[in-house]
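Working notes for the structure below.
Per-chain residue numbering starts at 1, and chain names A, B, C and D are given in the order in which the chains are listed.
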Amino acid sequence: MTALAAAASSGEAVQFWILGIVAVVGALCTILMKRAVHSALSLAGTMIVLAVFYLANGAYFLGIVQIVVYTGAIMMLFLFVVMLVGVTAADSLKETLKGQRWLAAGLGLGFGILLIAGIGNASLKQFNGLGDANAGGNVQGLAALIFTKYVFAFELTGALLITAVVGAMVLTHRERTERARTQRERSQARIREGKQVTPLPAPGVYARHNAVDIPGLLPDGTPSELTVSPTLRERGQVRDVSGQALADLKALERRSQEWLGRGSGSGSGSGGAERPGPAAPKEGAQK
Amino acid sequence: MENLIALLVAAPLVGAALLLCGGTRLDRAGHWIGSLLAVASFAVGVVLFAGMLGRDAGHRALHQHLFSWIPVGGFRADVAFQLDQLSMTFVLLITGVGSLIHIYSIGYMEHDARRRRFFGYLNLFLAAMLLLVLADNYVLLYVGWEGVGLASYLLIGFWQHKPSAATAAKKAFLVNRVGDMGLSIAIMLMFTTFGTFAFGPVLAATGQTSEGKLTAIGLMLLLAACGKSAQVPLQSWLGDAMEGPTPVSALIHAATMVTAGVYLITRSGALFNAAPDAQTAVVAVGAVTLLFGAIVGCAKDDIKKALAGSTMSQIGYMVLAAGLGPVGYAFAIMHLVTHGFFKAGLFLGAGSVMHGMNDEVDMRRYGGLRKYMPVTFVTFGLGYLAIIGFPGLSGFFSKDKIIEAAFARGGTEGWILGGTALLGAAITAFYMTRVMLMTFFGEERWRNAPTPSPDRPSAEPAAETRGEYAPPHPHESPKVMTVPMIVLAVGSVFAGGLFSIGDAFVGWLEPVTSFSHGHSPVSAGVVTAATMVVLVIGVGLAWLMYGRRPVPATAPRGSLLTRAARRDLLQDDFNHVVLVRGGEHLTRTLVYLDHSLVDGAVNGTAAAMGGLSGRLRRLQTGFVRSYAVQMLGGAAVLVAATLLMRGV
Amino acid sequence: MSAFSFPLLTATAALPAIGAVATAAVPAARRTAAKWLALVFSLATLALALLIAARFDPGAKGPFQLTESHAWIRDFGVRYDLGVDGIAVALIALTALLVPFVILAGWHDADPLEGAEPNRRWRPTQGFFALVLAVEAMVVLSFEATDVFLFYLFFEAMLIPMYFLIGGFGDRAGGRGEQQAAAQRSYAAVKFLLYNLAGGLIMLAAVIGLYAATAHQLGAGTFSLPEIVRARASGALQLGTGTERLLFLGFFFAFAVKAPLWPLHTWLPNAMGEATSPVAVLITAVVDKVGTFAMLRFCLQLFPEASRWAAPVILVLALISIVYGALLAVGQRDIKRLIAYASISHFGFIILGIFAMTSQGQGGATLYMVNHGISTAALMLVAGFLISRRGSRLIADFGGVQKVAPVLAGTFLIGGLATLSLPGLAPFVSEFLVLVGTFSRYPVIGIIATTGIVLAALYVLVLYQRTMTGPVKPEVKTMPDLRVRELVVVAPLIALLLFLGVYPKPLTDLVNPAVQHTLSVVDRKDPQPSVPVTAGPGGGGPGRTAQTQDVEAAK
Amino acid sequence: MNPVYYLYLAALLFTIGAAGVLIRRNAIVVFMCIELMLNACNLAFVTFSRMHGNLDGQIIAFFTMVVAAAEVVVGLAIIVSIFRTRHSASVDDASLMKL
């Protein structure tokens, strides 16, 4: 464990082939998954595999850091932002730029081939493992280097991190420039523009659900956009239940017809057909 | 003594400077200042002449070196004067006639608002002309040469509000410039050949170089002479030059400036003597012009233009004589001087006639004027007799000698030239008689001639400035005008005789022009007799045509030759069609080409650049991902490059 | 030269620069103050330039005098080297002489249009005069610089103020709408800039190439003209034939654009036509001279062999410029464009003289630079006065001016006569010298070039006839004659033309040694006359003695 | 087994990441791909350090991580603010440089 062999053991080989495939699959999923969340998760998987590889390469400290910092912190940050921003139309894998995909594929392929060819004909024969380098312990060795040879770079990274933090705060923090408008002012404004004088309707009204992502239905059964929050609309996470509601209504009517016998039922049924109530929603359901 | 030479030039120069820069405050005294300085210059000339007579022939030439003008490398042009017998002759002629004409102009230009300026220009001309004849090297001569050109430009165009005058002035200057081109090329040739262009060394060294070079120089000098002396083919400007005030025509375009060419050829005599081919060219030009001018003179109804034609023809005589070499130089100059007298007299007479006739110039509206302006009639008549070579008068002596010299050239050439000269004499007699008859004899056609009016302005707008449009009432001119005419008449009567007493004139000039007696195949007596005969024929013919029958008030259509002669033998039309039109087309096409071709190429490049960058701009889609593609492509290229480098 | 080590050359260049800054700093309201300030500075510069001319000793040994030398960019061997030879002295004097007149003539050109609302920030007048002074400073420095890089710097920097002068200040003679005028102005300015930049960049490449060559052969790279000349003379520096020719062409192209030589001339008519006449004078009389001057100082001295190699072609191009420019001048309808094409013709003469490589040719060319500056200034400024009176640049819009404004017409005529190089006026001397110098080595070219004097007469006289003579046009009837300010501008120029025409000796004495030095560098001798005549000009004895006196005087 | 295979893997992952950057439009996913590329580099570094038998490679990988962290923080912040203003996280919508 402390003295890692120059040439890797067969056990490592097995590990490499299994985990390597996992890593590649994870990477591919990262770029192919439709939803950002899935991409993030698969990337996290790849990173964990990489962490294992670090360990296998004798970089114990880095392996841990990889898991803690990357998979732990950074990927979580990603997930937060994904949640914050949500899934947008941008997630559709449909290409908009002409020829972009082909270019990407071709270039990627070519580039990869080039790299691999480069590594291939590079004369990487002799391996002096990290045995003596890690003799005093990997972390100690790194520390010795960081605080002697790379101390300036190290300090700079510190400064960089602080700057980044501040920058992130500045960027995301929204300063309220103007005074918050009082209720009176807002109502006056509403009256003035006269579009929507009353408060917006609550979700779920006239529907059987009352979750926030379900729009209320108008008298004719169509969903009302006003009742759901813009963000949800933005993400297209609105569940439209109007169709189901109409179906329920039909079932109800049929049952009531059975309930009240035929003669009048037929007439009423036909008459029911005439009745605008159920008729109108059909069109609503069409859209 | 020699320090006076500069004074000759300085006096009129100062006058010009004063009058032209002096401004209106000199308007009242301007003409007096001008005349005074001209006379002063004449006085200096006389003093120098006396001094020169005081010395023996060998040491008569004077030199005055003022300062070194353009010293660059081997090229050393100095402002230095040389006053020898030849220059002396010209100095006296120029200043003498010049002074007379100044005085005459006082009366003639009396009513012109810009008289001060006129006298300024006259003085400028005197200075330039004196510089021309006094210079001791060709470059300084060139300065005077162009100076007189400028003065003549200013004076021809003196009435600039007349477009015809302005055009005539421009034409004169341009044609002269062509001649000047010849002179400057000649100077360059001299410099490259001799390394100098001062008269002394150049003329001394003519023996040491190839004849071809000398011929080239000679031809170039001839070109210059043609331009200045209105010889074929550069004669076209002289007729139009009559647009200028009559005194100008008398002084510049009859007596002095137009004879500068003769001076140039005579001055370069040694050079021409060494280049026979050049001399032949000179002779040919002289002979052709002699006839050309005479023929033109026969057809003109404008009195001044008729006289201009005669001037041309007389200068033709002089050039012919100068071309004959040592045989003729002296006679050329002699004829030049006598011609200066009688032609100036004739012009002044014409001016006086016009003065009395509301500046009418058309001889067909004259007639029977002898009893209205006797003095003019007499002086003009004497000039007339002199020019046709009436025995005993100036013209007789000078022209006769030239004809003899022409015969003396010997061989068929001699016969041709002599014949031409004789023919010229006949024609001269004809057209001068014509002028005389149409002006002073016959019935008074002016009585029922249309009077000039604002819508039909007369030739010399002095009338407009005077504001008289009354029908002409011929009257004698004031004393200030008649006196100079009388003096010139006297000159034109006696000068010739004076000069040829014991060949005084020839002897006087010999040290400069090296005289040699040509042996003529026909004796002098025969020549004289022949001259007399052709003279009588010419006069008689003229009398038959214009004396016997009345002269129609409007010109008849006339024969083909007449019509051609009226149009200066179609010379102008030729120039117009070939040079003017051609030039216009050339410049127009060039302007077009400059814009479309030369500039078009440049703008085309610019446009191409713009188009290219427009295309390239398409790459900047603004989509981050397309940039990323390009980045990746670049990276790939880099990797590939490094690999290949390693591979190599 | 002397122990007296006041940096005269630097001062002469620095003074107008300071003046420019000071003028630009004048507050907007004090417009007149700015004008006077600029005038005072330009006059002071003139005084310094005359001091240079006084302290310059034509007889002294060594090509350059009053030298100053300081290391500037050590790594590239760029030095702040100044020094003047006779040619430079003459041209510096010309520049310093013309700028005050330019300022005086442009006194009202940069006044804000009446009706323009007063604005505290907008200061066109200050800007105009500051730019003029800036141009002067840079031109003077480029005449003084003996370090190729230094020269290149100012040669290019000059373009910036010129660009703004051309594009920013059109003359009020917009017969067309102000919009269109502005558009054409900016077109002309951009054309001017791009043309000259293109030339300059090619030259920059050549400059770098030269540096590389010196660095490669002399060990330490240098831009110093005297050093390079010395190295070439001693054989320490040998450029390959191909290299030298390429470098030469690189330099020459830039100068030919600036000069301008056919077919690189098309920017000049636009620039001169659209700019105000003082600026036009600045372009043609001052800035363009840098091009011809640089041919003489850098092209010939740095690359003698290549110069001799290229001379025939360049001579032919110059010949084309002469005839072509004159013919196009005849065909112009616009007074200023006519003068511009006339200038192209004259620049043809200058270049002809330079590359004829005879002492007459080059001496004449140098004189020509000075005389052409003065004569064109006179003609152009009077034309400017004329144009500003009528509000049009078209020749056809004038006629009969001499009847209503005789003094104006007279000065215009004199300017024109100088342009057609009438003997007695300065340009004749130079033109004749150029012709003689060319003729003595290339007779045919000399003869063809002589036709230029006829064409010159043609375009000048046609211009004069159409504008000044003939019946008075109604629009012209009320035209006022020259005012005092304008007379102050024109009179000295005309006086100078007359003086230099009659007594050019001071100038020739100043120039000759420099020309001889250049010729010695190019290693060309004047062709000797086939029949050497012992007797000097002046014919008789007095002439000869006087001539010897002259020789002594020159020493 | 030869540790060179790690390098091949790294190259592969890097390429995949690069392709992802080109293909995806969602800024967040693009960022993830960038992270992937960085990690690939890190793997390569670590492998190299094992080859050469000294820890410098690991140090570099460490720094890379730090920088990556900083970059992610700032980048995500930018994404959030952009999303706030223009309600989209698509990189194509931020194409103001388009002609």
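Rule of thumb we're sticking to: contacts are C-beta pairs under 8 Å (C-beta built on N, C-alpha and C of every residue); 3 or more make two chains touch, one makes a residue touch a chain.
By chain, with names taken from UniProt: D = NADH-quinone oxidoreductase subunit K.
This is a predicted model, so every value here is computed, not measured.
Centroid distances built from C-alpha atoms place B farthest away from subunit D.
Distance from each chain's C-alpha mean to the overall C-alpha mean is smallest for C. For the pairs B-C and A-B, the larger set of C-beta contacts lies at B-C. For the pair subunit B and subunit C, the distance between mean C-alpha positions equals 37 Å.
Centre-to-centre separation of subunit A and subunit B, using mean CA positions: 104 Å. For the pair subunit A and subunit C, the distance between mean C-alpha positions equals 73 Å. Annotation: 63 Å between the Cα-based centres of subunit C and subunit D. Residue positions 97, 100, 103-104, 107-108, 111, 115 of subunit A are each in touch with at least two other chains. Residue positions 18, 22, 25, 91-92 of subunit D each touch two or more of the other chains.
Pairs of chains in mutual contact: A-B, A-D, B-C, B-D. Put simply, subunit B touches subunit A in their complex at residues 621, 623, 625-626, 629, 632-633, 635-636, 639-640, 642-643.
Looking at the complex, you find that subunit C touches subunit B at residues 191, 194-195, 262-263, 265-266, 324, 327-328, 330-332, 358-360, 363-364, 400, 402-403, 410, 417, 422-424, 428-429, 432-433, 435-437, 439-440, 443, 446-447, 450-451, 453-454, 457-458, 461-462, 465, 468-472, 502-505, 508-509, 512, 515-516, 526-543, 545-547, 549-550, 554. Considering their complex, residues 2, 20, 61, 63-65, 67-80, 82, 136-137, 139, 142-143, 145-147, 150, 153, 157, 160-161, 163, 165-167, 169-170, 173-174, 177-178, 180-181, 184-185, 187-189, 191-202, 204-205, 208-209, 213, 583, 586-588, 590-591, 594, 598-599, 601-602, 606 of subunit B touch subunit C.
Every residue of subunit B that touches subunit D in the complex is listed here, in rising order: 617-618, 620-625, 628-629, 632. Subunit D meets subunit A in the complex at residues 1-9, 11-20, 22-29, 31-33, 35-36, 39, 42-43, 46-47, 49-56, 58-59, 61-63, 65-74, 76-81, 83-84, 87-93.
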